[in-house]
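So, here's a batch of structures to check.
Across the two complexes that follow, subunit A remains constant while its partner is subunit B and subsequently subunit C.
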Partner chain A sequence: MPIDITMAWRNIWRNPRRTLLTVAAIGFASTALVFMLSFQFGVYDTMINSSVNIHAGHLQIQAKGYKEKMAMRYAVADPVRMGNLLNGIDDVKSYTYRAEGFSMLSSSDRTYGVLVTGIDPDKEKQVSTIKSLVRKGEYLSSSNAYEALVGSLLAANLKVGIGDEITILGQAKDGSVAASVVTVKGIFTSGIDEFDRSTVQIPLKTFQEVYSMDGAVHRVVVVCKSLKSVSMVKAALAEDISGIDEKYELKVFDWMEIMPGLLQSIQMDLISGFIMYIILVIVVAFSILNTFLMAVFERTREFGVLMAIGAEPGRIMKLLLIESITMTSIGIFLGMALGSVFSLYFQKHGIDFTGASEIMNQMGISGLMYPKLTLLSLFTGPMAVLFITSVAALYPALKVKSLRPVEAISYN
Partner chain B sequence: MFVQMAWRNIWRNPRRTTVILIAVVIGVWSMIFLGALMRGMVDGMIKNGISTLTGHIQIHHEGYRKDPVIDNSMLDVDKLDAVLTEVLPEGAKYAKRIRVNTIASNARHSAGLTLVGIEPEKEKGISFIGEGVVEGRLLKPDEKRGIIIGKALLDKFETKIGRKLLIMTQDTQNEIASKSFKIVGVFRAEMEATEKNFVFISLKSAKKLVKLNDGISEVSISLAERGMEGEVAEKLNAQLGSTGLKAETWKELIPMLRAYLEIFDGFMYIWYLVVFTAMGFGIVNTTLMAVFERMREFGLLKALGMKPSWILRGVLTESLFLLVLGAFLGNVLGFIFTYATAQTGIDLSALAAGAEAWGLSRTLIPVVVLKDVFMANFMVVVLGMVVSAYPAVKAARFTPVEAMMMN
Partner chain C sequence: MNIVQVKEVKKTYIQGKVEVYALRGVSLDIKKGGFAALAGPSGSGKTTLLNIIGGLDLPDSGDVAVDGSSFSGMSQADLAKMRLNKIGFVFQAYNLIPVLSAVENVEFVMLLQGLDKVERRQRAKDVLDDVGLEGKYDRRPAELSGGQQQRVAVARAIVSNPSIVLADEPTANLDSKTGNGLLEMMKEMNEKKSVTFIFSTHDDMVMDYARRLVQIRDGEIADDIVK
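Moving on to the complex of A and B:
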């Protein structure tokens, strides 16, 4: 056995130029795969975090039916009880309550229909980044003032500025008319047009009074300590609330259920990415297969001689496979090292995508993008290369089996 | 002579040639096929964007896009008609619309959405609503109380055909106008967001609702073919000059799509380069091996008096044959794959919400763009020649004695 390995090693370096080129091809593909996957994962992370942080949170507790119909009556009647439950779960970072009602918003000369959200300013600022996005005026301060925080595009549509009054007219939870006047306290810009065009927030207590909510809310929004702990917290919460007897059954949803579009666009990007990677791996596999195949043709005489002096075909096959796996391993190792170096460098410094900022903004990404090197992005690509080059190496190795020593020696 | 020698050399060792050819074919095939898939994706996005009430060109009052309210309407419709008839090329269609933000409500639900007053018979071929009604009936041109809403909105509002829908909006006098409509038809669109955000009534009843006697808020134009819209919009703007109206193409109307198109080309060519590099290592390696295998032959040729530059030229000619032949076969294979998938398209409905976030259609149909095909072939043949220069130079440098002593 050790003799085979020594022979294989010497064979590899008998033609250093060929070996280096082969190793370089494998190394290049592995580097590209590691870097591209890390890049994709990094972008997904940014996308998820920005959506989670601006508004959605990692988890939400809602009454069953609210997510589909968004009707006022599907409410969480006792939010404080939820809060107490959440205080008892370790991995919960922060949480807040929100209530929503579709209403007509009128300024002095414009009217728009918008979903009005009631938020608890103290709790909300630990959950959402909106406070830091306020460009004009200030964030909401107390939980029962008659003031509003408005998205910049909505403010422009309504033609309102700081200090202007907005009339809210909607339907309360009990079916009566909900009407009130609030003053614009702050205007924010998230960069996501859809969100800036359709968001107006007022203090939760004010909301509950105007819409006769009787202390109820529509969403309990939870942020966990990390993305990884979400499923654990979800399971714990689901168990805790299963015993609670409210008018409407309570349910816990994670960010994937709250934003199915985000999850699916990530899946779609992954799938189209994978198609590209598979094609790249196939192209590499063929160029490796070619090299191995040519090498075997070139060495037909040599194999004939080996066989004539008593080497079995199986042993020659083993020799060839050791050679190709060694070369592949060196290439993959180099690729993983280089790919990690690139990924880590840009993970620290970011990649400038300002040219595409119009698109990126809408996904909640601004300016720089950061790859994220994970075990998955480090190993997936190179392992695929290892697998497919091993398969590719099998074919030339099998060719050896059909060699006849006499013919092989006289082969030219 | 060179050509003939090179051609014969290639086929002297068919096995070696086949091996190199396969590498080139696979590379070119992947470039053409993947390119077509990605172009198909973008094309779907554009088509989707255009048919979702955008059209190739739209004309608005110049203040409308910033502030889409009824005050920013186009009042001189006769003049507009005259300009349109004069400027629009053959095969172009246009439809007039009134578009306002409204609040729709029934007993249980309310939502803010866009009310569009349309000329139902003219929307065919311009926007999806012309053929999008799947249940109930289309609007009639003089429809007074009928309204068409999306399937998704119908479900959300827990209502059905025949029921009422209350529409509230702001009219030209800044008063709240409200009217109850009867749902007469249900439409489906590529995207759920479209089904939720738009409701349609006849242009006539929209005018009455907002008290706009003869004005409209937009004209949507569909040309016979995409590609001329820039030119036509320019002509329209020249004619509309002083009227305060402005024609804009879909590229200006959906800036996101334009931005996407702009980075797309770059992205694609980088991808081509990555594939080529992967393939290039294989080409260099196999050609190099082929050259070394023929070392004796080159030595002999040199001993017979052949100049190094001739050998260089000979090897390069062989490479060129291989690359061109491989590229040709790769193209054929790529086209066959593209054609086969284009028959049914690739179903993306399993990822509908994701596709929607990207503005894609539910089926992906690959599209071949000449520019990409040219770029792929150009890259493979030209860069292929560049990398085979290395083995060719090696071959030219063998000294006769050394080379013939080999083996």
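Moving on to the complex of A and C:
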């Protein structure tokens, strides 16, 4: 083994207690960073998947202008053609069609303004988890029945139960009055309060008939095989639909464009997390800075002797940097190992947050949270610790460069 | 042949607000193979002169040359190379590297010189044998007595065959018997291997051993006796 490494290793253990405390500080910070980043990524995945699976999908094809104005006339006139395109893309897992219209919804007691959505019951259950969220009654049986699936909070507000009738009154695509009566077939609870308070779903064919859609829909909702493949599918789809001649130009939107609020809340959470992580890393950096300043002060005479016998300051700096990198690496390695163990354990068993279920429901997540250990969450924090502590160790190492041998030898 | 040439060297220190004249124009030549002592009371300037001869400190004016190489205009890196190849040091407090064994301490200088491992290990062991530390190669400084540590320091100083060995009060931390043994050993090195030794001391025993005694007082050479 090269003598520099031998010396560095032995120097590290000259003061075992101080070394162990420094390694423990680095290890603790790395463990915390690995686990907390994994936890954040897991929560984001859960939030995205909840929103995607319940309603939004990974991608949507819409007529240009519909996202901003949600006017009935901005419709996809030939949804079947879109379906045929989607059938030809490998990474598309499933898709469905939806049409929507703002309407007044009345029970015998109350009236509310809500968004009525027409869904294809067979296709919808491949895209959305809503069928599994039905808590009372049943899922929609066919695409042309006059029945409705109502969110639990809306049902409570309307004071309706299974088998009760609801009157729908809105404006059709052609400007005429859209009116119908549907029977409550099922009541669902998604956990997302806003969704449960404002959603009514009826069969797509019923919707197209009541709202005079002439076979058109407002959204073609696509679920990809994985989150990673979304951008690829979006690019392929954008290319495929660019040449289609429809009354309104067709656009493809991904989940970030469809749910900008979700993306912003993830970004905000990431930023606040990073501020906390930076503080943690700086505290560790001061710890290692203190250790190495102490080492330089304690060993000034020794450095003077090394210089007297012919060692250049650069060699002593190198020795100090090997010591700091070795100590940091031990801490980081232990931290990464412990952080991975904790993350993987909770990735399997989940962390129970049922006490905070009210807040979590707002975010679309259930009471159990699962961290997600990825290469990014494993390496980002520890590498930041390595970088910052290496920079912190440079200062005492550079101090050695300014030492004069005669002053260093007589240093007390 | 003069191995050390000191010409009109002056050195001043600032202590607080007071200017202290450590050396006031000292000139001195030491011959190759010499065994000389710079003697004088504390604060006389003997250690300052030794440090300047060793290239650890630079004079305010004047010049020093070791083995024909003048220190004038040398950078810190040049001085480091000069110390590595031409000067060996023995310090009062031994000053061995505590994390290295005896043989590693002696080897370290040769490592800095770039010698290969097998050669430097063999040479380090040979020199440790010469200073009477056979079989104690792997002991760390903390496992050796003061006298043994100073012998390791001497071995480190002479192992690379320097032009001169500078010893700053080498017996100050040793009892008289151990100090005597150390001086005997250095005298033997001087006589058998022609290693040039220059001591800074106020120990009578060292002064007795020295073949040349340079008395320094108030930054000037007060007396220069060749025995």
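Keep in mind that, in the parts below, the second predicted complex is superposed on the first by the 411 of 412 C-alpha atoms of A that agree within 3 Å, B and C clash if a C-alpha of one lies under 4 Å from a C-alpha of the other, contacts with A are read in each partner's own complex, and residues count from 1 in each chain.
The rule is simple: contacts are C-beta pairs under 8 Å (C-beta built on N, C-alpha and C of every residue); 3 or more make two chains touch, one makes a residue touch a chain.
Since we're looking at a predicted model, the values are computed, not measured.
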| item | value |
| --- | --- |
| Touched partner set for A:Leu237, first subunit B, second subunit C, both or neither | neither |
| Partner chain(s) touched by A:Leu250 [first = subunit B, second = subunit C, both, neither] | neither |
| Which of subunit B and subunit C A:Ile258 touches, first, second, both or neither | neither |
| First, second, both or neither for A:Ile271, with subunit B first and subunit C second | first |
| First (subunit B), second (subunit C), both or neither touched by A:Ile409 | second |
| Partner contacting more residues of subunit A (subunit B vs subunit C) | B |
| Touching partner for A:Ala311 - first (subunit B), second (subunit C), both, neither | second |
| Which of subunit B and subunit C A:Met7 touches, first, second, both or neither | second |
| Shared subunit A surface residues [contacts with subunit B and with subunit C] | none |
| Subunit B-facing residues of subunit A, complex | 17-18, 21-22, 24-25, 28-29, 32, 68-71, 102, 104, 109-115, 156-157, 170-171, 198, 260-269, 271-272, 275-276, 279-280, 282-284, 286-288, 290-291, 293-295, 297-298, 355-356, 358-359, 362 |
| Touching residues (chain side subunit A, partner subunit C) in the complex | 3, 6-7, 10-11, 14, 301-302, 305-313, 315, 404-406, 409 |
| Residues on subunit C engaged by subunit A in the complex (per definition of touch) | 51, 54, 56-57, 76-77, 80-81, 83-85, 88-89, 91, 95, 97-100, 104, 107-109, 111-113, 156 |
| Contact footprint of subunit A on subunit B as seen in their complex | 15-16, 19-20, 22-23, 26-27, 30, 34, 37-38, 41, 66-67, 69, 101-103, 108-113, 156, 158, 168-170, 174, 176, 255-256, 259-260, 262-263, 271, 274-275, 277-279, 281-286, 288-290, 293, 348, 351-358 |
